[in-house]
Amino acid sequence: MKVLLRKILNLMIALLIVTLLTFLALQVIPGDPVTKMLGADATAAQAAQLRTRLGLDQPVLVRYGRWLLSFLKGDPGISYSYSMPVAEMLKGKLSVTVILTALSFAMTVLISIPLGILTARSESVRVNHFFLIMDQLFMALPPFFIGILSVYLFGIVLKLFAPGTYVPLSESVAGGLGYLLLPALAMALPRSAMTVKMLRSSIRSQMAEDYVRTARSRGLTDSQILHRHALRGAMVPVVTFLAQSAAEIMTGTIIIEQVFTIPGLGRLLLSSIGSRDFPVVQAIVVLMAVFVILVNFAADLINMAIDPRIRVS
Amino acid sequence: MKIRKNGFLKTGEIMSLVLATVIVTGFFWTPYGTTAMNAAEKTLPPSLHHLLGTDNFGRDVFSRVISGAGTSFLIALGVVAVGCIGGVLIGSLCGYFGGIADAVLMRVCDAITAFPAILLALVVVSLFGGGMANILLCLGLLFIPSFARVVRTEVARVRDMNYIQSARLMGVSTGRILLRHILPNTFPVLLPAVTIGFNNAVLAEASMSFLGVGIQPPQASLGSMLKDSQTYLNTAPWYALGTGGMIVLLVLAVSLLSEGIQQGTGRGQV
Amino acid sequence: MDQTAGEPAGVRSMDRHGEKEGTRQTFGRTSCGDSGDEMTDRQSQKNSGQQAPDLLKVSGLRVHFHNAAPERYAVNGVSFSLKRGDTLGIVGESGSGKTVTAMCVSGLMPRGKADEEGSILLDGREMFSCSEENLRRIRGQDVGVVFQDPMTTFDPLCRIGRQVEEALTVRGIPKMERRKRAVEAMGLAGLRDAEELYSRYPYELSGGMLQRASIAAAMITKPKLLICDEVTTALDVLIQEQILELLRNLNEDYGMTILFISHDLHVVKKICKSVLVMERGKIVESGETAEVFARPQHAYTKKLIASIPARAERCRTYD
Amino acid sequence: MTESVLEVRHVSSYYTKARRLSGTHSGFGERDMQVLRDVTFSIQKGETLGLVGESGSGKTTLCRAVLGLGMDYEGEIIHHTDHPQMVFQDPYSSLNPARTVGWTLREALRAGERRGKRASRPLVPEILGQVGLSEEYIDRYPYELSGGQRQRVCIAAAVIQRPQLILLDEPVSALDVTIQAQILRLLVRLKKEFGLSYLFISHDLNVIYQICDRVLVMKQGEIVESGDVRQVYEDPQHDYTKMLLAAVD
Amino acid sequence: MNKKSLAALLAVFVLAGSLGTVCLGATTETEASSDGDVASSGDTGITIGLPQDLDSSLDPYQITAAGTREVMFNVFEGLVKPDKDGNFKDAVASSHEVSDDGLTYTFTLRDGVKFHNGEIVTADDVLYSFKTCADTTVNSSVASALSDIAGEKADGNTVTITLKEPLSSFLSAVSSVSIVPADYTDQASVPVGTGPYRFVSRSVQDNAVFERNDDYYGKLPQIKTVTCKIFEDNNALFTALNAGTLDMAFHLTVDQTKNLTNGYKVTEGEMNLVQALYLNNAKAPFDDEKVRQALCYGIDVDSILELTEDGHGAKLGSSMYPSFKKYFDDSLTDAYPYDPEKAQQLLADAGAQGLNFTIKVPGNYTQHVDTATVIAEQLSQIGVTANIEQVDWETWLSDVYQNRDFDATVIGFDAAYLSPDALLQRWMSDDATNMIGYSNPDYDAVMKKAQSTTDDKEQTELYKQAEKLLSDTAANVYIQDLADFVALSPKFTGYTPYPLYALDFSTLKLA
């Protein structure tokens, strides 16, 4: 249990550091939001009055503290440029990015685990070579390149889907999800290739352990050995890798949303950085970081479930 | 450490050799000027004159792809170097000494990995402008955690080995133990990290230029070229395929080479 | 631990690219016996009625590893027999081929890594002509194996009980009966409060206890032959003594035939009735243990015995 | 009374959970337990002191304490020599796998020189010769050597700085019997040649009997018996020693 | 740990990964605002693509971006309104007279004109609108025109405005004073006007929806709902158009029209704006006239048109676009013929060889980025290094337009309302929106005289003189009025180009 508490503590610290880093990064960016909102020819008095209303005249740490408190209460503040509550602006967009990431992550897991096991068990050298080459090839495909090609191929040539018509899930779950399938796949392909490669080598190294020979001496078939013993041990490094991939997919959505014109967090993040809309940027970055840290935490929990020794260390 | 020949190594070597020569020549000479425009030759299909055809300004796509590959190659190399050096430094310190320094640095690394790379890139670009050096610096910073983690685990493992104990007994200084005794043992672990790092660096640079945050025109960058080529997918598909193809080749060559080396030293998997 | 550079490392490792498939030449000796149906306990007792005197008869065994030098045979023409209830020791330094011989007998030789010739008759059945399916059935049923390092012989992520009873699990024995027999076997192997240890993880047990559990796992199916490969090497002197005591009881009380492999002549002297001395793949000497130790014939055996600083002679060779 | 090389007085040590890095699992669930109980002995110049006991009896901990390798302990340890060296049991992790034999030995020489041990600077081939290895081993990597050859290189490295005291932690138990004999013979020769003193640790009573002058028997971190090796073997006092001797007979 | 439980474990992992995130999303997920765009079925709706989001504030007097003004043209109306030929026809006012001394303007309100929120338009609303516009408008030429007002008086349904001195362009300034309900403070987020379409909703970065104003006094438009879909940049917009998800898109480049594969009707017109390489006259090196002239000689406008638009687009020599025929001085178009040697000579005289500067250009307008790219290439022939820095629209607005933190930029200035002032007033030294910091006393004098004369012929001459001054002092490197390609789905027709940057939804109808 002590290990769990320590992990949670680490998680909290990492989160705090992220929010602090974001906050400081935004102070450093040139371009003062007030001039942006009032325009260049605003009088000094108007600017000062707005600055106090937004609390920008407080020292950085006080502002950070106040922002953190209100964020924890679920209110990420008011957007500077759109003067709408940030939560209002995010609501449609957050679920889009989250679903896109979850879909892509699920695809990665569903593609790579079975394939990894299959390739690890195949004895013939030719099959191994084939899979290794496919791994290398898919790993080298950048998501946005696949995206462009598939938008062109499926969107414009084959007209399987209409780019730019993302219908929010609230309206038609099938339509929305259907649209997200392709972008999710574009991100999932290179990820799964890496996971397959890793899972295969992890299984291979487990199969070379002493206890596998003992199990064979008890009359177990190879597949029994794999499923009862080797696979479990092999999963530990893969689970950590998958959690890391989930984080990379999340940040990857920023580009894929651009290629497939999906109104997710990515596009809003880019434009609000441009317009120095700190509350929006802050909220998005922190949400992304929370997601990343949560998934890593889930991976730690699962690894603890698999390997009792981790529980004790 | 002798490396046995195998399929991967050979293909990887050939591809990297060809690419390297093409890119290096690209720095000094390209069939056409990378920015030379020619109104008469707009969006020509690939031909002997223009191996990859021309773009909407009549510029030779092949020359631009080579010089773009050159830029990406240099940045990726720089990023991996920065990431590697930073990673090895932090990794060995944390791995060897542990304690508070280790806990703090590792938490910062966790935070950096959780940070969306694009935001950091934008901060750097808006502060210092979009030149190659800034992108290299900012991406390099982002790659340090992955190297640090790999090196830290390896250094921690090697730190308690008998040959390190005996080195201590002999009176070898801690610095020298770290540098000359422990680090050489982390190289086999570093190679895969460097490869993955290189691939991610090429992709990250291309993505940033794709978003208009990375390398600014007129300097040729694979990412920005890919973005511009989107519009001409219908009338000039070779523009997108050529650029995207080069990115894939660049990444494939390096990963094949590293896979080959790992196979050769028996550390790869069958 | 005799795992030094000399011993062909290829025994367990993955096959390299392009290795040609291993060939199992058999000299067409007796068939593998009823390969088709499921061999259950009762049936094996029945047809052992007209038992051959020797439980195990090995003749002309030759093993050559693909990645070894052409003329270097791991096992080069080994022939011996093992009577039911006997305890035979195989002694030799690393690289002598003793472990490879054990692997062949227990059918644990990895596929496709070596060419094997000769004949191994286990209780009248020719191992070489057995299909993979039959070999798999023999492993754990007729032959139990206990390995050297107790720390790595168990799956660290799997509870002890589940691994001890595994030989029964794969033979479709119902859960309750498996558990009962596992606890019983662990008790027999000298593990106090076996019930409690049943659900513990390997990392929670000491080396000695793990080795006892390993022996329980091997004998749970009451195999005809128990192969012990360097089982005492990784243990302390006192615990070694206890394990040897346990094996002696199994042999005397339950008539368990034991093939004991070790590089430690002391241990072999204590437990084995007869002994084979192997050097570079060949048997250089064999016979009653006391006889061989008292009057070694072969020069190599003499050299082996001389280098043990046996307390009996009490000579300070290094004064 | 020849002067002593090492004096250990009333040393006790408690095993608290080792300072492991988070993330790497640190093995078995250990609690605070006493590893060394009031250990007192001394090693005379030129003497080979044997230390026998089962694993977990505290032999290795004592070694680490004597060499100050990060073990905290109560009591006093007085070295009358500088930079005692150590030879380990497992030949596989005793030599830097990424470096050649020559490099390792040169490293030992270099460290020695830095500490002003100018003396006659023996050349690496000469050192290898002393431990019975030919020059061709200089450029070999550890993975190209057999267990026995590696142990010889470790001994060469230990002896190179001419320390007066060398601790040997189960130096031969990982080797084949015939090779064991050669290494023991080498150790005795080097002791005579360079006037070394050994703390020889082993669980094998027979090896101890062959090579040691005096012997300490340790059980659960406590020295239960000590004395001249012939006298202890012929007429053991403590029944633990008797049990050990019976098991080997 | 058999296979079943392992599979279960994996399922948990996938679930944990996605559930954790979905519920994270769900916490802020409430019913998405009613912004779902109505499928463009039959006669009721049309989907139009916009290359960038509308301004953050939709208050008529705060709108800065031409892209927002051309859409909001359908929501807000002044007392008078420009028609497709450039004349002013009555809108909220049913009639208007101008006294012969040009000092008093009387407007009679059209009765029964309703705001989108149902209130009837009253004279007080008009007074409120004029007063608020004068105080808060960001458009300097409108502000200076309104400052000429001596007094306003409203009785019953007529409003009379008296000026201090006659102002020829006052009527066009009136057309840009959008009539808004008095004391309605929420214009920024929920704009209310009198136009043919009323504002329904907007979702940031995604879309804006307008609906037919059924009680509009004029001819009721046929299309009920107009959904504007917002794209990050031109490529994304073009891809969606090509795939048929958009019914209409405008400001396309000629290359895009050539790559169109969905059989849409393309009409060509001018964008009615002045595209130029605007140079920051307040900052070295462009404070030196010689250097500016060198750039004018060093840039070959013809080859820019050839490379970026296959020759389409109309060249111009000063801050006036050709379709504003009355004031366009064609002679200035070739004031600086392409002459690289002269350019280099001028640079040498000014001691500015090896000039190195940055062109900041908004990334979402492909036309401007392409022009900048060609300019950079051409200048490199004369040893001048022009680095291009693409910034997103919001950053361009704040850095370049408002804070004037730039060396040079490529952008197009449109006429907020049909008057030469809208294009020339900006360059007077005391003008707040004079982003290039151009200050030329002669120019200010000529402009003041032009604005105050009542004789139309003399006034036109003075405006042309002002244009010539801009060209002689090479204030900027004037390039072209971009060709405007509008793609319209065959299902619709009725697109009518306007002589100013405006997009009239009301003329669209089913084919």
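Residue numbering begins at 1 within each chain, and the chains themselves are lettered A, B, C, D and E in the order written.
Going forward, contacts are C-beta pairs under 8 Å (C-beta built on N, C-alpha and C of every residue); 3 or more make two chains touch, one makes a residue touch a chain.
Being a predicted model, the structure only gives us computed values, none of them experimental.
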Work out the mean Cα position per chain and let me know which chain is farthest from subunit B.
C
Sorting chain pairs by contact number gives first A-E
CA centroids of subunit B and subunit C: separation to the nearest Å works out as 52
List the centre-to-centre spacing of subunit D and subunit E in whole Å, with centres computed as mean CA coordinates.
86
Measuring from the mean C-alpha position of subunit A to the mean C-alpha position of subunit B, what distance in angstrom results?
21
Contacts with two or more other chains occur in subunit D at residues 22-24, 29
Please set out, as single numbers or ranges, the residues of subunit A touching at least two other chains.
10, 31, 125, 156, 204, 228, 232, 258, 270, 306-307, 309, 312
Interface hub residues of subunit C, defined as touching at least two other chains:
14, 17, 157-158, 203
Can you check the complex and tell me which residues of subunit A touch subunit B?
10, 13-14, 17-18, 21-22, 25, 28-31, 125, 128-129, 132, 136-137, 139-145, 148-149, 152, 156, 194, 200-201, 204-205, 244, 247, 250-252, 254-255, 258, 269-270, 273, 281, 285, 288-289, 292-293, 296
In their shared complex, subunit D is touched by residues of subunit C numbered 1-2, 4-6, 93-94, 203-204, 207, 236-238, 240-241, 263, 265-266, 303-304, 307-312, 314, 316-318
Under the touch definition given earlier, write down the residues of subunit C that touch subunit A in their complex.
12-14, 17-18, 106, 108, 112, 136-141, 143-145, 147, 149, 152-158, 163, 166-167, 170-171, 201, 203, 214, 217-218
Which positions of subunit B touch subunit E when the two form their complex?
35-37, 39, 42-43, 56-58, 126, 129-130, 212, 216-218, 227-228, 230-235
Would you tell me which residues of subunit A are touching subunit E in their complex?
31, 35-36, 39-41, 74, 81-84, 87, 89-95, 97-99, 101-103, 105-106, 109-110, 113, 151, 155-156, 159, 162-165, 167-168, 170-171, 227-228, 231-232, 235, 239, 242-243, 246, 258-259, 261, 263, 267-268, 270-271, 274-276, 287, 290-291, 294-295, 298-299, 301-302, 305-306
